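Okay, so chain A shows up in both of these, paired with chain B first and chain C after.
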Partner chain A sequence: MSGYLEGVLVLLAVNVVFAYGGFLPLAAGQLNLGLAGFAAIGAYSSAYLSNVFKLPPLIAIAFAGIVAGAVALIVAAPVLRTRGIYLALATFALGQIVQAIILNLEVVGGAAGYPVAAFIRLPAIAATATVVVALVWLLFATRFGIAVTAVHDDETVADLMGIDVRAFQVAAFALGSAIAGVGGGLYAHHFSFIEAQYFNISLSITIVLYVLLGGTQTVFGPLLGAAVFTLLPEVLRASANWRYVAFAAALIVLMALRPEGLVTGAQLRRLLGLARAQPRHAEVAAALPKEPSG
Partner chain B sequence: MLGSIYAMVAVALTLSIGVLRFLNFSIPGLFMIGGMTAWASLRGGLPWWLAIGAALLAGAFASLVVERFTWRWMRGAQEFVPLVSSMAFLLLFEHLAVICWGSELRTLPPLFANADWRIAGLVISVPQLVGLVASIALIWALTLGLARTRLGRGLRTIAEDSDTALLLGVEINHIVPVVFLISGLFAALAGVIFALNYRQVQPFMGEMVGLKGISAMIVGGMGSVWGSIAGGLIIGVVEVMSIGYFGADFVDIAVYGLLLLILCVRPTGLFAAAFAGQRA
Partner chain C sequence: MLAVHELEVRYGRVHAVRGVSLTLAEGEVVAVLGANGAGKSSLLRALLGLTRPCGGAVLFGGRDITRWPTSARVRDGLILVPEGRRIVMTLTIQENLLMGAFHRRDHRAVAAEIADIYDRFPHLAARRHHPASVLSGGEQQMLAIGRGLLARPRLMMLDEPSLGLSPKLSNEVFALIRRLNRENGQSILLVEQNTQRALELAGRAYVLELGRVVMEGAPERIVADHALQAAYLGRGTAERRGGGQHATSAS
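Then we have the complex of A and B:
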């Protein structure tokens, strides 16, 4: 396999992991703009573990997820008190703080960056990404998925239905952060060098954009979103700046025309033959009992 | 000085939050457009007043484009869809600027040779003074306009409830562009003042200032115009003080730590009593 192709596929795998890190909180109705901070925590903690304690990379990466998830659990109590735009801003501030702290941590190189001795190649990264995706899909096939969707749609009703809203919000937040940490660990161990500047607000925004592009209604959305926006620029072969311009323009158009993302639940059900046939005339549709949307 | 630039950006942000409940992430981009256009037209040989005019025009126009593609289209969509689109606009503006003008740091010529007044040992830079006075005057005019004019009344109605405003005969599609126009002008003017004072511009100049502007807006209270000004000044003071006490490395920790603390303890901000419309 050529080095170029491997590079693209590694990037794809890492982005897919990041995308699922953004998907979990978004599925629960939280816009997490601090994902880059959790990715940084994962990247630096796994790099430190494999550099100093000589842990095998994959185990260090697993720890990256645990550390990022634990940090998320600790900060969840104050941060999740806020909601809506305030939550987005609180997580944003959190990401900035993490970045600023790492810039000042001399033990991991500070502003100069931190080299990582261990190195993993595509198969290990792809396997980890597959495991992450499979775990999220499995998780969403259980009661967890339904509960999180209910919390997303209407907190009050979810609460009345006996769902512990708070617990599911914290779980979605912490799990998403843990996954972002794993993504950061993968990134660190493939690219062999990390610097705090990489984990900035743009990274958080890009991750969120992958997810919203793909759609938050189904577990397939993030996969599609990350894949489209990793592979499309490679196919287009444009310069880096034109890529960003095309990315942004496509996003604006897509959000205007299809604000729920590329893949939606109703569409998927229709594709799989699970939905009832739609009547062709509006009068008939009005007379029929409504199919639950979403 | 930086505080008053933060305050202007914060006012631009707070207008769209207060009236439209829309966190407009493209404002740092408009700030950059203001600064870069001023630089580009000065380099093109335009006199300074034309350059400032061109910068304001570019900012206002870009802001109207943003309005067309975010708020107008997505009024009924999920709450963070316009937010995402405005982030996409920020990316778009920044990278278009890189393509047009390159990503290097550009230096502006000193506009007013020897523009310092020396009064009894105090050195006052005229561009800074003019910038400060202009921003205070504009913000004052804005609050007055919100309180007194027919347009201001329409805006305050929309801030209360946009559907009711529609029922009462307020032309939302005519008034909302005005909000974007004003916030675009404020952001672009802040960019121009920044460019003239620090004499350095580059395509990503908006990010740092824009993020601090968002912080200023939250600290002061979303939607309150005078609150954002206070927030801008507070952020500026905290920056200077943390440089003084802890060193330059800890500025971001201090500023964003304060932001996080305020969000968790008092999410409505320090001075927020109401939205911009209700009590400008």
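Then we have the complex of A and C:
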């Protein structure tokens, strides 16, 4: 495999992980613009763990996810008190704070950046991405999917049905942040060098775009969104300088024509002929009478 | 089973509920009537803990639930079928039903009850895996009631279940409510602007006006009192959207 191809595929896998980190909060109705901050926390903590404590990279990355998730849990109380555009601003500020702290943290190189000694290649990264995607899909096949969708669409009615709105908001926020942390850890251990500047607001916005453009209604959306918008600039590479213009134009056209994203639930049902193969809430579904055909 | 004592709800300067007391016994259908702004919705919100009352108490099943969070009340069997139905459109019909059973762990019973609802409403069954947005208003109301039933209500509260429905569909909804009460002994608190239909169904009724209970008792009494008031005092506000024949300007 050429170095170029491996590089693109690694980027694709990392972006898919990032996209699922963005999907969880968005599915619960939170516009999280601090995802890059959690990715940074994941990148730096995994790098520190593997550099200093000589942990195997994948173990370090798993811990990094836990660290990012724990930080999210701690800040969830004040941050999730805000809503809508204010939540976006609060998370944006959070990302900036993380960046500023890292810039001043000499133990991980500060503004000079932080080299990462351990190195992982495509197979390990792709496998980790697959595990992350599978876990999120499984999670959304349970009652969690119903609860998060209900919280997203109508908090009051979720409350009225006995769904603990707050708990699911915090869970979506923290799990998304943990996944973003894992993405950051993967990035750090492949590209061997990290600097605070990489984890800026534009990374957060890109992650959110993957999800919004791929579609928030199904768990397939982020996968498609990340794939299309990682590969599209590469495909457009032939036109050199104009590719970013073409890419931006493609974004605008897509937003205008398909505001709901590339894939929606209804479309998938049409494609698959029937429905969700396995209706959510498996315990109940197993005991239900089968649907009449047609 | 439900006892409300001198309940007070304020939103800033607006005094929405002013010392409302009401009771509801097991197996009873009680109607709460009143015009827009009479305080019906505020009363329901306070009963469910969506609004903190600033005075009074709510007793449910003999326990003081005035300060309970909403989720605890729901687990205790206080279930609202909200105004405007509030179906989650991006979920499938089946998922909306499952949402009603969210706090339950007896999966087999839930499945049996869902099958039961499908038997009762074949049009829901046929499209169970479609998004709820494919349903008509009447079907959505049936789904909302089905969702409420799956929550195992000890007391089911219905907020304007006939709102926005054709007379024919309203009849179906009221017939369903009547059956739930007669056949299952379901206790029901019915909040309606359609006074006439609500009084046909209820064993007792309360009429709210500007946050106060202005009349209570058996339906016949309310009808008689009401006709008298409308005729001699020009106070027909509770009837405006209902029968219509007494419509007068709000004072």
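In the analysis below, the second predicted complex is superposed on the first by the 268 of 294 C-alpha atoms of A that agree within 3 Å, B and C clash if a C-alpha of one lies under 4 Å from a C-alpha of the other, contacts with A are read in each partner's own complex, and residues count from 1 in each chain.
Note that in this section contacts are C-beta pairs under 8 Å (C-beta built on N, C-alpha and C of every residue); 3 or more make two chains touch, one makes a residue touch a chain.
This structure is a prediction, so every number in the text was calculated from the model and none was measured.
Asker: Taking the superposition on A as described, I'd like to know which of chain B and chain C A:D153 touches: first, second, both or neither.
Answerer: Second partner only, chain C.
Asker: Would you check which partner chain A:A180 touches, where first means chain B only, second means chain C only, and both and neither mean what they say?
Answerer: After superposing on A, A:A180 lies clear of both chain B and chain C.
Asker: Thinking of the overlay built on chain A, is A:A171 touched by chain B (first), by chain C (second), by both, or by neither?
Answerer: A:A171 sits against neither chain B nor chain C.
Asker: Contact-wise, after the overlay, does A:Q217 reach chain B, chain C, both or neither (first, second, both, neither)?
Answerer: A:Q217 contacts chain C only, not chain B.
Asker: Which partner does A:G162 reach: the first (chain B), the second (chain C), both, or neither?
Answerer: Second partner only, chain C.
Asker: Touch check for A:F247: first (chain B), second (chain C), both, or neither?
Answerer: After superposition on chain A, A:F247 lies in contact with chain B alone.
Asker: Across the two complexes, what residues of chain A are contacted by chain B and by chain C?
Answerer: Overlap of chain B and chain C footprints on chain A: empty.
Asker: Using the touch definition up top, name the residues of chain A that touch chain B in the complex.
Answerer: 31, 78-79, 81-82, 84-86, 88-90, 92-94, 96-97, 99-101, 103-104, 201-202, 205, 208-209, 212, 241-242, 244-245, 247-249, 251-252, 255-256, 259-260
Asker: Per the contact definition, I'd like the list of chain B residues that touch chain A in the complex.
Answerer: 17, 21, 23, 69-70, 73-74, 77-85, 87-89, 91-92, 94-96, 98-99, 207, 211, 214-215, 218, 222, 249-250, 252-253, 256-257, 259-260, 263-264, 267
Asker: Name, in rising order, each residue of chain C that touches chain A in their complex.
Answerer: Touching chain A: residues 48, 50, 70-71, 74-75, 79-80, 82, 86, 88-92, 94-95, 98-103, 107-108, 110-112, 114-115, 118, 125-126, 128-131, 147, 151 of chain C.
Asker: Sort out for me which residues of chain A touch chain C in the complex.
Answerer: 143, 146-147, 149-150, 153-154, 156-164, 217, 265-266, 269, 274-276, 279-281, 283-289, 291-292
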